[in-house]
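Could you have a look at this structure, given as structure tokens, before my questions?
So that you can tell them apart, the chains are marked A, B, C, D, E and F in the order they are listed, and the count of residues begins at 1 in each.
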């Protein structure tokens, strides 16, 4: 079993808030992240897949295929977007880094299967000081 | 003459567009950066000042004073903000990295003077692949 | 289960040596790290906690709480300190990165419990080329 | 159980191809990496070992010993080399990052045993966007 | 005057040697870099241009245009290539980082002019510990 | 004229204080950096030299020679040392990053001359957020 990680980046706007809470409660809970006018980040995404080495190619999967899948199913929906209002798999959810990582997992898991490998981990850095990892359970 | 650089970071939303242009022209010129729903970045700011070493302290300026000035006059106005709508010194301007660097220069120049040093350079990284530097002229 | 990592930094002096060994044996075993006049590092600490997402907030824990706990119980005791002589939880121990990681684990474990999550890993980088990880067992 | 990681680097040439395939098939499968004239990388290697802390020294192993073993058995065979033609443990294999990581594992495993610890993971970054991890099974 | 820097990367093979010197003299002068079987690097290129801000757009140049020029005139000729044998602007030259930086300058200078800006600096990192800068004179 | 930069690192202890000031004044001026028990850093040093390319070798200077000079005249005096008490060229000075950069300049300037190049800049990072540059005047 070999683990392959591909790094991708996306720049997006978001806001942490609940529509069913008033501004004061949102501010108390989410701090400056609840700014109604949005803020944003350069998110760094590390997607790790696992599988066996194909003896024909020396690859678990062809990185070009992996990169294309990440771009098509994840990056295009997040990069230069407002995650709260534009990213389909985040609608109706609080846009925390935790929830984004679960959202990306759910989108990617079947796609990685189609490549003949298995999704192992989704890791997202929101800033250089904070990151979240999700292993699907 | 010694040059001192302090790194600060701010996470903000912005949009590149002109209100006097239609969406198609904005899109053609600014690409995905013109998204009307905003996007954002983790901007990295490097502020370089220059001055002579104070023989009493071995410092050009006390870094605590420099850091406080940067926080009070620049970072508080940008971090977790929408630069287009909330940052006072960017109102009425296209929020390009070029224009942000000039805006920060204009705000900081007199403040650094008060510390007994001179502003030398404002550098802003928008992503790991792009940065802008301004020397005041 | 989601894993959240917070990065913190501390700059400290230390020395690797045993008081019950002579200088020659200390030097042979610990090399330049045994310098009786101390040396120091910019240590980088990654603390990883795990827990479930609170559906009310989208958070495992509020990062502000996590950061405050790390500052109060760990960073204040290490940053700009001499770890050998000043850090309470390292007294009587060889100040290797291995032992620092165990010391931090022991201090942090009950504190993370109080936040409603579980400490998963303590990771310390002593230099860009060496790091240590401890999972509590 | 403590995990210790040492980072090393090597700059090498390589090529992805199969001698039993024609150029067109190599190009289709391996893309620009199949260039018959070679290309190269600054590979970054992270070797993680695990073991218990020796109470005499506070170390799992002496990092000088670990570093020497990595240099002698791995780095000398890869750095400033053509991996396809010069690295003994890669002869007859497709020089993918996956296969290099397995090759390094096989070379290192008995050497780490001799140091009184156990090899836990070999991680290789080929570029800043791609890395491979192998845990020996 | 504003300075804009774009970072690009290329992975290439090269060798430092002179065909008119014997192997011993090449080895003495160039060390392991003279390996006849090639080695390689992940080169990091920073291209800095300067110009005035276009008040219509807030840009010195459109970064998409700058990136396209860098790809077409520089990166395509270096990435996944053998610089000694395949890069047209390096033929007949010793492939030192110094000479690569001059070669890139000469190729880029007229292209940046066409974009309405001026090339200011070419910087190349060969490894994380060494870089070269050229300002055209 | 080409500029070559070599990165080196040293881990050292230091303290900011004046023996002719009392502890309260030292603390007020230098903060936690005045800790009488020392603290320390992983300093990162970038030394930039300038010169013309030797057409015989493609080098300004042989990097092996530059690296050896840096090690012998600078790094050996700083790495794993207490800069206040052990580094000859810092005796009697306040050990600020500013003063270290001037001290290194004065030591290195004649040595770089002997290599046939000229020292251009000494840059020292004390932490990831602060660095100092000195150009010799």
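The criterion applied here is as follows: contacts are C-beta pairs under 8 Å (C-beta built on N, C-alpha and C of every residue); 3 or more make two chains touch, one makes a residue touch a chain.
Quick caveat, the model's predicted, so the values are computed rather than measured.
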item	value
Where chain C and chain D overlap in contact partners, by chain label	A
Remotest chain, chain E as reference, centres from CA atoms	C
Chain centre separation (chain B, chain F; CA means) in Å	29
Chain B-chain C separation of Cα centroids, rounded to whole Å	34
Multi-partner residues of chain B (at least 2 other chains)	128
All pairs of touching chains, each written as two labels joined by a dash	A-B, A-C, A-D, B-E, B-F, C-D, C-F, D-E, E-F
Touching residues on chain D, where the partner in the complex is chain C	1-8, 48, 53, 57-60, 62-64
For the chain B and chain E complex, residues of the former touching the latter	16, 29-31, 93-96, 98-99, 101-102, 128-135, 137
Contact footprint of chain F on chain C as seen in their complex	9, 11-14, 32-33, 35, 37-42, 79-82, 85-86, 127-128
